[in-house]
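Each of the next two complexes has chain A plus one other chain: chain B in the first, chain C in the second.
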Partner chain A sequence: MSLEALLPSAIDGLMLGFVYGLAALGLTLIFGVMKVINLSHGPIIALGMFAVFILFSGFGVNPYLGVLAAALVGLLLGVAIYFVAVDRVINATELTTLLATFSVNLMIIGVATVIFTTSPRSVDIDLGALRAGNVTILGTHGVAVAVAILVAAALYGFLFRTRPGKSIRAVANNRAAAELMGIDSRRMLALAFGIGTALAMTSGALLATLFSFTILSGGTYELKSFVIVVLGGLGNPTGALVGGLVIGLLEGVLTVFLPVAWVPVVEYVIFVAVLLLRPAGLLGARA
Partner chain B sequence: MRSIRFVGLTLVLVGLVASACGGTTPGGGASPAPSQATVTKDLIIGFTASQTGAQNVTSKRQTDGIQLWVDDVTKAGGIKLKDGSVLMPKVKFYDDESKTDRVQALYTKLINDDKVDFLLSPYSSGLVKAAAVVTEQNGRLMVTAGGADDVTMEQGFKGVYQVYAPGSKYLIGAIDLMLKLDPTIKKVAIVNEKDSFSASVVAAANPYAKSKGLDVVVAEGYDTGTTDFNPFINKIQAASPDAIIGGGHFEDGTTFAKQLFEKRVNARFVALLVAPPEPTFKDIGDAAQFIVGPSQWEPAAKYSAETAKAANVPYYGPTPKEFTDRYVAKYSSQPSYQSAGGYAAGLVLQKALEDAGSNDPAKMQAALDKIDLMLFYGRVKFSLDAKTHGKQIAHDMVYVQWQKGSDGKLATQLVWPSDAATAQAQLRK
Partner chain C sequence: MRDLRAPFLPAVLVLIAAVAAIPIVTGNPSLREEIFLVLMLVTLASSINIIMGYTGYVSFGHIVFFGIGGYIAFWLMQTFNVHFLLAAIASAIPAALIAALIGIPILRLRGAYFALATVGINEAMKSFMTNFEPFGGAIGMFFSFSIYQQYGGAREAAFLAYYTMAAIALATVATSYVIRRSKLGLSLMAIREDQDVAMLVGIDPARAKVMAYVISAFFPALAGATFFFKNGIIEPGPAFDLLRSIESLVMVVLGGIGTVAGPIVGAALYEWLRGFLITSATFANFQLAIAGLLLLLTVLFVTAGLVGSLRNRFPRLRAYIQ
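On to the complex of A and B.
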């Protein structure tokens, strides 16, 4: 295969990697703070897609305002999921919390399939494109990258510069010690679950501006998120962002040399290899 | 790290969700009406329709076509048999959600619980294949309204009859049209959905292209449900083909065409399966222009009593104009070939009932075997060979292209075969 495809493929992959990273950030934040593997991550990504779709097609709301709305709804939804499904089993074994979020997954998919059906939907927006040689960067992809960077930066600002953010980090570091310092760990855990959910819905909302989707589309991105967080280091937000970019770039570059259908195979080989050889991930698991 | 090991278990559970997440949507369908008179009997025709899921757009067209046939027969007083009795067709259908497992379950229900008299098929080859297997297992008869896959009809089925021209014919004419338009075209990219229908299309088109001296510079399949075609498009752009052929079904074909346009791929000729003949394909705007699509039927088709006479077969049913006018009057939309396929399947069933003189399955099977008709939809005749029994052997494809008229509006033109064309095909400049 001609190397002419390498540059545009690498750029396409890298740009998608930012959105993948954002989705993975939500998953890894929740795990990092409370050691809960959130199996409702995929359906929540899909709900982000549908939030934008409903606001855009039903009420004519600009899709990027829809992204903001999806983030806010995600925050509230995440807090609600925490208190309904996670809070009462937060100190149980990891298998219990895993099954609790799996139940949430089934409930969301079941209800949303009845409401939205599995018919494909799309948010048709055209922001033009930048073209140079055989490289085309669509406006929608450019905006998605910019929003992903902005959201990731805002998350870091929140976690490192604000009191609630520092409280979340304290709870993640040592819950008992944080409580002794007067931090309400339950509230912080709920807030962290809310933020993780908001990140998942934001990534879904951005993906809705790029590709068509169904209520089942979140599953693909959930699997990708798991590969990314393992690659970057479970519980490590920076690792999730870097992992997202690596997987995105890899997807882009591999398709030049291999049939596209082989890309997931390579991704899961990497996933297993990282688990076996470097289980803490490229950047190390949560400190 | 114990927690990391959990990720393996996590993935297994995520996989379980992916396979279990369908849920169920209650199907909608007309209930059979009570028996009306001693000489008038209800004829219950069962099928599934993809009211939701990936096939919902084109499947709805097929269902509309079937419903229109039922309306027309009802208005005409039913199907009159030689013994004086009259059969009033009623449909019983459910939403299959575009899923094969739903089709298998629902066709079993239609046969065993609803006890329908005859079956029509769902839309799309994958679903038709699932329905055909259940039909055969139960020794029933089904006219397939919307499945073109060759492989399904090469299983030696006894009770399945195909109205569509088989998939192997879909892109052959497109290649002929392309070379007629521009014999200097040399490089072609083939990118298709990896389902049984599209695979059977490409299995015929790829060697045909090579036999015509074309160089197939890209040949790759994409998974059903693909929404990001950029990896394929980057490969296509690097190979600089003169032409692109492929696609699969409506959703992916529409997305593929749109993304080809967004990336300014400058192939002069693009032919895609299924999506272009659907009237709503124009919703992608200028991306639709110049795209060619194989079609089982178009409103501009010129099948008539005269063409039937020339082919030495009887003409049966409405003219293309009558069908189109009735369809537009009922649905306020132009019919697609899926609509015509649905109506034509009903007509085939109707003619077989009239010829058989009853709805006895053995007599019906004999009547279906003898069918050789010209309909508004074109000629219909089934293979009687043991291995390919029921496969369509007489129907021909036509080809449409989205072109801009003098008013700047997009419209489909019938561009091939040349003797039926309403406009000259155009190459993208």
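On to the complex of A and C.
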């Protein structure tokens, strides 16, 4: 209950919030562009973790190179998932797309559990730590924040400065109008799904450098991403980033005052309350 | 006239009762366990179908009512030694009340927002129960063996649970049929097709939806009470298992969404398939992956599910299969 613990805990949470935000960004991008809630989000985050793990412990690849590899694999995987599971049902009801992406979730978890089992893994890297007073910032956490900021900035640059990025936004805005302007909307949807998946894998890869994990760990972060995305407004990228910081900070602060096990209760209550009172999110227009 | 020509409901009820009687007649305990589970899944899937199939609201976290029913009944039985049947009913009523209370606000949400809200409610409830010490917190609650004595022993208690689950499944299916043929069902399906038009023709969507939600919460609560009574132990994880929730959605879609027979067929098929995969030497490890693949194929190519496809393919069957 000590207030001394408040500052370090808050900073810790806030830093983690950047990585949460990155995962949520992937989920919200896909929803924003094609109105699909990607239920394979969690296993994909876990795949990001294992990509780093395999490269690091199997081939001695630097974990941060592993993060880059995870992002690239994520892009390809996402495009593949789009064409296999989503493309055919893109105009169907929510239930259909929810179940289609959930089936991908089952397949990934099913195969990956056989390969990796559910035993806990970790990627051991030590980048030292920065100390000031009672605040300690681990090097790995610092790098994770930097990478998350870099990736988010790159995404914004892509969406607002490049032609494919603008095309994706056009498709998100009005698919029919975008097609009339000569945009191949199917390719843009696939690309958006790929980018969303790449973001999820990147955040998973970064989380692997911070905590130990199992193939089922993605589920926790998937639920967290839901909370964040709703907080920031479904389909709103900036909202997802801010929401990530809010949830990270909240976790950091709450653990000082409450037993850790109560934190999810508060998170989910906020989640439901936001959905009911401000379905467009805290940053969105008033519903 | 149609009811005379196609006594669909009695036929289905007799069929379920007959299947439920098989393990009693043959005295096969492992078959009894399996059919107990199928009856429970029929209850869960048929209940979800009322809010999802008829009304078009994807209740992703519907298992929350199963957990609530299980917890309240378990607590009553363990703490006050209440008789199981009484505890089950006493747990389903608050579950239905809770459904009414949360239903009023969340049923205003549409589409993905509603689905996410139900997930949030289930997760909130699970994490709350994990911390709620009167209900045992993270460890949950368990019976001492003496609880079963008032039913004549553990074996007799298991039979009582079995008969009760059969009765619940029958009641759920009957209710599902009655709703589909009633004015309420018509209102729900109108809301599913277009809520604004439904309002224009004089339907009060809020009332109809909350009614459907309450009914669809009542039976899972009974099933939860029965399941955990037989189980003898209740923990937050299994009580509010999101995966089981999604599995029941899968059963509905597999069998045929919006039909009465669909969830029954889906539940039986899904459970049979899982049993087959788990015991098969080749597929045991890939059980989940194969389930995922089949789900994907169903969603992509057999959108109406088995019963729905049959009805579409052979329109004359529509009089016989609901």
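Remarks
In the analysis below, the second predicted complex is superposed on the first by the 284 of 287 C-alpha atoms of A that agree within 3 Å, B and C clash if a C-alpha of one lies under 4 Å from a C-alpha of the other, contacts with A are read in each partner's own complex, and residues count from 1 in each chain.
We adopt the following convention: a contact is a pair of C-beta atoms (placed from the backbone, for glycine too) under 8 Å apart; a residue touches a chain by one contact, two chains touch by 3 or more.
All values derive from a computational prediction rather than experimental measurement.
By the document's definition of touching, both partners, chain B and chain C, reach A:95.
With both structures placed on the common chain, the touch criterion links A:234 to chain B and to chain C.
In the superposition on chain A, contact of A:226 is made with both chain B and chain C.
In the overlay built on the shared chain, the residue A:106 is in contact with chain B and with chain C. Applying the stated contact rule after C-alpha superposition, one finds that A:209 touches neither chain B nor chain C. Touch criterion not met for A:167: it reaches neither chain B nor chain C.
Applying the stated contact rule after C-alpha superposition, one finds that A:35 touches each of chain B and chain C. When the two complexes are overlaid on their common chain A, residue A:114 makes contact with chain B and with chain C alike.
After overlaying the two complexes on the shared chain, residue contacts for A:197 are found with neither chain B nor chain C. When the two complexes are overlaid, the chain among chain B and chain C that reaches more residues of chain A is B. Overlap of the chain B and chain C contact sets on chain A: residues 31, 35, 37, 94-95, 98, 102, 105-106, 109-110, 113-114, 223, 226, 230, 234, 259, 261, 275, 279. Those residues of chain A that touch chain C in the complex are listed here as 31, 35, 37, 84-85, 88-89, 92-96, 98-100, 102-107, 109-111, 113-114, 223, 226-227, 230, 234, 259, 261-262, 264-265, 268-269, 271-272, 275-276, 279.
On the chain C side of its complex with chain A, the touching residues are 52, 56, 58, 60, 105-106, 109, 111-113, 115-117, 119-121, 123-124, 127-128, 130-131, 138, 246, 249-250, 253, 257, 285-293, 295-296, 299-300, 303. Across the complex, chain A is touched by residues 1-11, 13-14, 17-18, 20-23, 25, 51-54, 56, 97-98, 194, 220-223, 225, 227-228, 230-232, 234-235, 237-239, 251, 255, 262-264 of chain B. Residue ranges of chain A in contact with chain B, taken from their complex: 1-5, 8-9, 12, 16, 31, 35, 37, 39, 42, 94-95, 98, 102, 105-106, 109-110, 113-114, 117-120, 129, 131, 134, 136, 138, 210-214, 216-217, 219, 222-223, 226, 230, 234, 251-252, 255-256, 259-261, 263, 275, 279-280, 285.
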